[in-house]
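Here come two complexes built around subunit A, the first alongside subunit B, the second alongside subunit C.
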Partner chain A sequence: MSRIVSITLQNNDDARPIIEAIEADNPDATVNIYPAMVKIDCAGRLIVKQETVEEIIGREWDVQELHLSIVSLAGNVDEEDNYFELKWNF
Partner chain B sequence: MAEKRKKKLGIKQRYSMLTRGLDWETSYQPMDKVFPYDNYEGIIIHDWEGWEDPFRLTMDAYWKFQSEKEKKLYAVIDSFAQNNGHLGITDARYVNAIKLFLTGISPAEYQAARGFTHVGRQFRGVGPRVACQMQAIDELRHAQTQIHAMSHYNKYFDGLHSGPHMYDRVWYLSVPKSFFDDARTAGPFEFLTSISFAFEYVLTNLLFVPFMSGAAFNGDMATVTFGFSAQSDEARHMTLGLEVIKFMLEQDERNIPIVQRWMDKWFWRGTRMLSLVGMMMDYMLPKRVMSWSEAWEIYFTEAGGALFEDLARYGIKPPKYADIATKEAEHISHQAWNIFYNYTHAAGFHTWIPEKEELDWLSEKYPDTFDKYYRKRFEHFAEEEKAGRRFYNDTLPMLCQTCQIPMGFTEMDDPTTISLRSSEYKGNTYHTCSDGCKDIFDYEPEKYIQAWLPVHQIYQGNCGGAEVADVLKWYNMNLGADNMDYKGSPDQKLWDEWQAHRVKA
Partner chain C sequence: MSLEIKTNVIKPRRQTYDHIAKRLGADKAATRYQEGTWDLQPTENFHYRPTWDPSRALYDKSLTAIKMEDWYTFNDPRQLYYGTYTMARHKMMEAEESHFKFIDKSNMMATMSAPWQQKVKEFLLPLRHFEWGANMNNCDFSDKAYGTAISQVGLFSAMDRLAMAQIISRVGLLLDDNSGESLDQAKVDWMESDLWQGVRRMVEDSFVVKDWFELLIAQNLCMDGVVFPLFYQYFEEVGNQNGGAPMSMLNEFMQDWGKDEKRWLDHLLKVTAAESPENAALMSQWISTWTDRAIEAFTPIAGHVLGDEAANVMASIREEITKRSKKSGIEI
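Entry: the complex of A and B
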């Protein structure tokens, strides 16, 4: 069984479309809601796609805007121009 | 989004332009003299270019995002102050967690800034050097924003007036101080293993994430905001921690045992320091989000488990004594609160016996330990207090030579026996609180015999005088205001007045 990777975002207006995009692109993800924050877990890997976020918010979105909302993560990071991915390598 | 913007360079190329090819091989002086610290620890690096930059924030992007974070944060801090946000917290007992944070954690952020500034000069590879320099700026920002955010509480509540002074002197604050001193006086690779990996990657979630969510739950908007603002940098720091480990392990297999020993050491030192946080979560938040043992399960057992499985391909094992630390998660917050209740006359914040429903919550969250070992003790203390015999411990405790925590933690398989270990070194006996701390001492005794142990210093006459009151004055504590029980404190009096107004209104 692959272990979970995880991303935690603030629960605010900037982050909500990102959370929505993560749910759309990672159907196996589990969303846990805590006071002020949302922790999303997914087995093995989790991806944030620029395209999906842009479709939701209707404007250009720089993947690095993620830096404004991120609280924590677990997994190896792969950051590119059009996606941000977390994964374990085993 | 049909018409895609055209980027001049991709993110990897841009970051590589920032971090590569800007340095040179020195010719007037040998490189080993220019970078004297990055090989004495025994870490072998064949190719500094093998460093993979985890987050690829170029300077322009860094300033852009950081300034946006700052603007948001200061808007909240202003609004919190203008709207008397302190009136909206659940209960003034909560502020005591903030006092511990400001005196114990914020000065440590500043120490981290100093540490990263130092190692940001000492690596001959430019990739890690740039990453450390950026982290140094982040850490300085954290110290500043925390002080700014919490300064509002200082206008009304006691114990927040002298953070850095107290950090250098007060007995329980020597726990985080010695942790960071130990890290900063190690070599650069050990420093990154201690702070970036063990602390930031493996353990910092336990400090910032559930605690900040707890602050939100308790109506403390200012703390939530600085906490999450800091934590948004922390995600970058965590990836630096993981990267430095992978870099060392990939460069040479002779690095593996060194890295493993550092992980064992710093995991244990970190868990010892976090016993203060466990106590904050279980006892100091009037409304609780999750228990310390639940946080441990999510952030160490689950997230740490995945991490160490990932690192197993390099031959790395989970930290030594992780099993003990997991057992301790059922006990440690109760034992720590007991110590502070015993010594509240000598602390810079207030303590109390949890109210009945709070004791019930602890019983529910700790079904195997709380009723059996701790509940009766607190109920006994409460009865003694009622009968006018509030118990204070008037003798100074023995401290662990390594972690500097009073020797009040127990054997995990026998939670009514104090855990005590001893080592002989050059004709003296040194005491430690656990196998973890004893191993650390035994490996580098020359370092730890120099520890500035607050109790020893008091007995040697170096802390203002022979009486407790003299020592507390030397700590810059206001007697009768900063210390003693919450019940009867000026904090409580003020809070109750505010509440009375609210009821009237």
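Entry: the complex of A and C
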């Protein structure tokens, strides 16, 4: 079994569409809702796609905006212009 | 002593309002746009008809021939409500202001050749009267439209039209050293020059169009479908050969706005055409009538700026409108 990666986001208006996009792009992800934050775990890898978020919010979205909502994360980060991916590099 | 930190999870009783949950299909968190749009307009318990026009109800579905089962089928793809709208426009205007400042400070208008400055005065400045007309038309459609989803995009674009009329006026003031002479001349051109009488007649005729959906198609699809590519793309290309760089900067607001308008308008057309073949047929008829008029009205000014190229350009603009309509499911 592959190790779990995870991302924790604030539970607010900015992050909600991102969470929705993560759920859509990562069918295996488990979403845990805590007061004021949402922790998403996924075995192996987890991806946030610019395209999906933009579709949900109806405007251009810079992947770096993600960092305004991040509380914590676990995994090695691979960040490009159009996606943000977490996985363990070993 | 050991300290145990425990979190207490308090589940909110409800995530959103009942009427929003009904549309979402479940009680889940809704976006601000959804909460600020869906079913916001009252639908019941009107005791009296408006004293200023008793023939209609205050919110009346019969003010257009277009029939929709649910007027909230359309949702603004930009998800603009008052808060996000003002923020989005503030951002666009901030960029525009800095262009104005830069051009003024570096006296950049002087880099444009004198004949081109004269051309800009002739083709761009009278357009502020067109924008004012567009403001009237968009206010009117916002007033008569049914449902917050549509009436709010109408009012937003009505306000933007005033902004664009003001931007054009400020271009005039840059060109005439704040004397305002160029704007007076532009008014005379709008009222008297042969180049503009077709446009003025069309705008004035549109003021008395009764059906708000027809008005919306006439203004936002057909007239704007000609104005935005013609003035801010094709005319700009000619300008660039005449040192028109400052105009390219000042046109930025209008270019961005034109793209923004396409997004909500094309979606609205698509949703409305998909509702019924009757809707699609009505729209097709309006589009072909008003596209013909708009093309005809703007041909003299296109010829004045583009010369022999004008016919080709107008043909490709017409083709673009047809293509957009087709993409939205409307055959012309």
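The criterion applied here is as follows: the second predicted complex is superposed on the first by the 89 of 90 C-alpha atoms of A that agree within 3 Å, B and C clash if a C-alpha of one lies under 4 Å from a C-alpha of the other, contacts with A are read in each partner's own complex, and residues count from 1 in each chain.
By our rule, a contact is a pair of C-beta atoms (placed from the backbone, for glycine too) under 8 Å apart; a residue touches a chain by one contact, two chains touch by 3 or more.
In this text the structure is predicted, and so the values were computed from the model without any measurement.
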Identify the partner contact of A:Tyr34: answer first if only subunit B is touched, second if only subunit C is, both if each is, neither if none is. both
Looking only at contacts as defined up top, I'd like to know whether subunit B or subunit C touches more of subunit A. B
Once the shared chain is lined up, is A:Asp81 touching subunit B (first), subunit C (second), both, or neither of them? first
Taking the superposition as given, does A:Arg3 touch the first partner, subunit B, the second, subunit C, both, or neither? first
Looking at the overlay, what does A:Leu73 touch: subunit B (first), subunit C (second), both, or neither? first
Touched partner set for A:Val53, first subunit B, second subunit C, both or neither: neither
Should A:Arg16 be classified as contacting the first partner (subunit B), the second (subunit C), both, or neither? second
In the superposed arrangement, which partner chain does A:Cys42 touch: subunit B (first), subunit C (second), both, or neither? neither
Share the list of subunit A residues that count as touching for subunit B in one structure and for subunit C in the other. 34-35
Subunit A residues within the subunit B interface of the complex: 3-6, 8, 10, 34-37, 51, 54-55, 60, 64-65, 67-77, 79-81, 88-90
Along subunit B, where are the residues that touch subunit A in the complex? 1, 5, 7, 10-12, 54-57, 61, 65, 68-69, 72, 205, 208-210, 212-214, 216-217, 224, 228, 231-232, 234-236, 238-239, 242, 289, 302-303, 305-307, 309-310, 312-313
Could you pull out which subunit A residues touch subunit C in their complex? 13, 16-17, 34-35, 57-59
The residues of subunit C that touch subunit A in their complex are 7-10, 29, 31-32, 76-79, 88
